[in-house]
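Same chain, two partners: subunit A is paired with subunit B first, then with subunit C.
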Partner chain A sequence: MDGSTQALTGFLSNQPVQTALAVSAITALVSAAVGVFAVIRGQSFAGHAFSGIGAAGGSGAVLVGVQPLVGFVTINVAAAGAMEMIGLRGARGRNLATGIVLGVALGLSALFLALDTAYTSRSGTTVSILFGSLFTVQPSLLPTVAVIGVIVAGLIAALYRPLLLTSVSRDLAAVRGVPIRLVGIGYVVALALAVSLSAVTIGAILSTALLVGPAATVLHVTRRTSTALALAAVLGVAACWIGILVSYASASWSTDARGWPVSFCIVAVVFIFYLSTSYGSRLGRRPRSPHPAHDVSPRPD
Partner chain B sequence: MFQNFMINAFETAAIVAVVAGVVGFFTVLRGAAFPAHAIPNGAFAGAAGASLLGISTLVGLGVFALGGAAMIASLGRRERVDVAAALTLALLLGLGDLFLSRSNEYASEVFSLLFGEILGVASYEILPTAVLGLLCIVVIVALYRPLLLSSIAPDVAEARGVNTRLMNLAFLGVLALTTTMAVPVVGAFLIFSLLIGPPAAALAITDRPLRAMALSSLIALVTVWMAIAVSYSTNLPVGFFVGCFSGIAYAAGRWWSMRKDVAQSPRRRRLS
Partner chain C sequence: MSTSERTSSGGSDVLVVEDLSVVLGGRTVLDGVGFSAAAGSFTGLIGSNGTGKTTLLKTILGIVQPTSGRVLIDGGAGSRQRPLVGYVPQKIELEPDAPLRARDLIGLGLDGNRLGIPWPSANRRRLIDAMIDAVNANGFADRRVGLLSGGEQQRVMIAHALISRPRLLLLDEPLANLDITNSHEVVKLLSHIATDQNIAIVLTAHDMNPLLQAMDRIVYLAGGRAASGTTAEVVRSETLSDLYGHPVEVVHAGGRVLVVAGECADDENPPTSPPRDEPGVV
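Coming up: the complex of A and B.
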């Protein structure tokens, strides 16, 4: 057995690495599925906001002594409802509604963290929620992660066709009798669940990177939504696994025996994927338009 | 309540609130809530980098805020702005994670940059805050008409020969300056609340730009001063009250506009 094979065997038989590979694969798949629609519908901000809002729920949950994941999910579903109630339409309006809810939630998390201080180090909690670390995920969390992953996948599968239609053309969907509002709410709930899942396990940075990065990357290459979903899933998992491998290996070449953080490595891979398709792809080079935001890129298949 | 450190807090908060009210007006008008969140949040990586290199936090914040703004503008040329902001934020925070892993004792400083420590503002921090705040206002005044036109009606602005791309870059640059001014004193989360809640409330109440800007600064000022006072007497964090009061201000603004809309028909279209 040569040196590199030995190193790889060591990598794969390492318990935290196994958990990291499994958890990251599930969250990357779920994030990719939800993320393609987030990018098409212009709801990336909501997708990111749920990680911050969820953190408020997480610290609230610590306060009352329940699982952080329960706090993440509860507050995010409530926040999804609040954004819907504000009721501003269009991408700009939705972003504003998201911003208002996020602003209030950040205030709440300041409160909860201040009250939590008695139990935990507040700065430590903030840093771990923000950055996360795949290598410290508890293996016992895996079944919960899988269950929520399946629920989100089920929601997206159930909503797939009407969601696609409302994302591409609201008018056409309305004519066909699609319940646009209901589909929108269903999607936001799926988004809230998916982001709760990823933020609580792998941290807010990776949650946003895996939601938006792979989806934005593949939408440069294809406009068929089914292809985009499959490619984004593959890219997301690949980015996670390459990132984990690099982070694991970096401990041996890093000068001060501290490896590169896994979140940084995965984000870097996601970004390299993005740059590789964003320059040079045929679809990426669109005719110059003053309003890229109004340019509806996907096409139903 | 009016010891020296409280006077510092009230003064700094006043500067930040007035600037946030004006810059926030354009933020809401342009639908740029995500960049307004991403730039302050991502810029803290610059502070972490600065502490590694042993240079001033303010320089690190400024460099990363401006770099983030430039990146959002350049990615935004081929993507929706929210995708551009999400990618920029992820990359900046990823770098922040890397910087933090190279240094040992930074967690508490991250906390203060995110949540702010306005009650701990020192007298020497007021001058840089005021200078940066003034710079933001000067840029906005200098670009006022083209910036306003490109924010409300990009097509018309383009037809009239306004360089909308340049205006976008200028706006994001001002957002970066606002970040550099506000993050060291009030924190990334609080400045975001102030950039969204008060201006959105003001724009629900009035359509006129100058009035909306004045009203938004006033609401921001009242919000943050009340938050400091209530925080002082209850011993709960300032950020919590700023978040609450901004949310309440927005709800009140919406209620006001609904009442007015019912009173006067035909209904007029609002800017936001």
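Coming up: the complex of A and C.
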């Protein structure tokens, strides 16, 4: 009992752990909110794209000697603008545009990562950009993370209703005077920023795990948008904190003194959450399949 | 509720379409279309695919600008706070498992265009509940919109459009994906709403038959031109032959009305015949 209390005190008073807890909490909160809308709008592919595009920004940033976060944000926001400009109407055009931008960005990150290794002689860069290194985040980065978090939260709160209306029907939203284009751009920028924060927390490649994971998990649990947002936020923060704790503790039992990578631990918890709710809801849903006759009727197309 | 004597003349016209022409990409889609719809009336815009129905609807909604002519809604007294036109699109683009309940979507009809997160209030809840009652959606108000059947989604969208108390309700092919029973229910509901709330209902359809009992006015579109009036006036061989520009025949069979190509004296390919894929039935 005393031993575990002491260990927990040690955990909480550890400077890198404190920074990790704060950065991951902010990231998880905004990623969850953006993620729920990504699922509603069918735009999670754009989220995946930003994770790949972010890798180019992060590795480029290291090359010119600035914080990876600066690189993630710069390239993702630029890519968001590019996608909006290329992608005209409809999900198909949007996906094609996303794919084109993603391809170019992944090629660039291959170049930048090779150059990083050659010129900065830090072989850890590739791993830390792609898979994250939450425990090495400097406390001085925290205010920047907080500001980005507030911007994303503000965008989502402001666009809440127009986002829902446009995802029901673009024509309907247009008739109600919603500036569809502006709302779309606002959302994609929020998505780009959220993925950038995620890239710092669990790495560029894994960043969609925090975006889509908690959102997909709560879909089975609630039918209300507001509850989905709140639950996804709680699950996201819980996954990060549990992951950090497990990673921290693993140093004492793992053969390698550094323990298990924190990104792996967080993503593993996210996945366990997802499995438990999708399995649980399947058990709960089977007995009462609602409207067997109606649900086979053709959907409007 | 039969083809009634309610006329659309006089001061109660909610929608007036005057000599409307629309040219899109060099093609004349609508050519001098005119009709009006009174408060409490039920109007069907009938025509096959490609006759300009959707363009007419979008012009009334203000999404497409007319080349000439004009659309007047309630004398032009609209505002953003209280839209004069409620609109029900043909399809819902929402992901099936999206967390959005039917009652939430109905609530978005009040303020879906505004910024910020909606705050629950007793008044808001009462308005939503009243709309759920009005369209008989009590059985599925708390279910996900994306998982409802076509007919259920149609009701929810009607409630969504009506909750802001518009003067005119426009529906794009509301019966297109419904079976006969659901079609009948939706038509009955719309007729009831028109008289009960004294609003003008205008809908597009490719088949006039489910609407024959309900329509006060029919606007029959062919080749971008329109004939309007009561069904008795419009759905006649002479009127429609004139509209199509070649002989067609209106046939009553088994309680249904069919429009079939008549005998063409001089050619094998009449310029605007009823389409082949729905043989003869318009």
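Definition applied: the second predicted complex is superposed on the first by the 245 of 301 C-alpha atoms of A that agree within 3 Å, B and C clash if a C-alpha of one lies under 4 Å from a C-alpha of the other, contacts with A are read in each partner's own complex, and residues count from 1 in each chain.
Please note the rule applied: contacts are C-beta pairs under 8 Å (C-beta built on N, C-alpha and C of every residue); 3 or more make two chains touch, one makes a residue touch a chain.
The structure presented is a predicted model; accordingly, all values stated were derived computationally and were not measured.
Novice: Which holds for A:F135: it touches subunit B only (first), subunit C only (second), both, or neither?
Specialist: Neither partner.
Novice: Could you look at A:W241 and tell me whether it touches subunit B, subunit C, both or neither (first, second, both, neither)?
Specialist: A:W241 contacts neither subunit B nor subunit C.
Novice: With the two structures laid over each other on chain A, which partner does A:A228 touch: subunit B (first), subunit C (second), both, or neither?
Specialist: In the superposed model, A:A228 contacts subunit C only, not subunit B.
Novice: Given the superposition on chain A, which partner contacts more residues in subunit A: subunit B or subunit C?
Specialist: Counted on subunit A, the partner with more touching residues turns out to be B.
Novice: If you stack the two complexes on chain A, which partner ends up touching A:V218: first (subunit B), second (subunit C), both, or neither?
Specialist: second
Novice: Is A:F11 contacted by the first partner subunit B, the second partner subunit C, both or neither?
Specialist: Neither partner.
Novice: Given the touch rule stated above, what does A:Y160 touch, subunit B (first), subunit C (second), both, or neither?
Specialist: second
Novice: Using the touch definition from the top, say if A:V175 reaches subunit B (first), subunit C (second), both or neither.
Specialist: The answer is second: A:V175 touches subunit C but not subunit B.
Novice: Both subunit B and subunit C touch subunit A; at which residues?
Specialist: 39, 42, 290-291
Novice: Show which residues of subunit A lie in contact with subunit C when the two form their complex.
Specialist: Per the stated touch rule, the residues are 36, 39-42, 157-162, 164-165, 167-178, 218-219, 222-228, 290-291, 294-295, 297-301.
Novice: Mind pulling up the subunit B residues that touch subunit A in the complex?
Specialist: Per the stated touch rule, the residues are 28, 30-34, 36-37, 75-83, 85-87, 89-91, 93-98, 100-102, 107-108, 110-111, 114-115, 154-155, 158, 164, 189-190, 192-193, 196-197, 200, 236-244, 246-247, 250, 254, 272.
Novice: Applying the document's contact rule, which stretches of subunit A touch subunit B when the two form their complex?
Specialist: So the residues of subunit A touching subunit B come out as 39, 42-45, 47-49, 86, 88, 91-93, 95-96, 98-100, 102-111, 113-114, 121-124, 126-127, 130-131, 204-206, 208-209, 211-213, 216, 258, 260-261, 263-264, 266-268, 270-271, 274, 278, 284, 286, 290-293.
Novice: Would you tell me which residues of subunit C are touching subunit A in their complex?
Specialist: It comes out as residues 61-63, 80, 83, 85, 87, 89-95, 97-101, 104-105, 108, 111-118, 142-145, 147-153, 176-179, 182.
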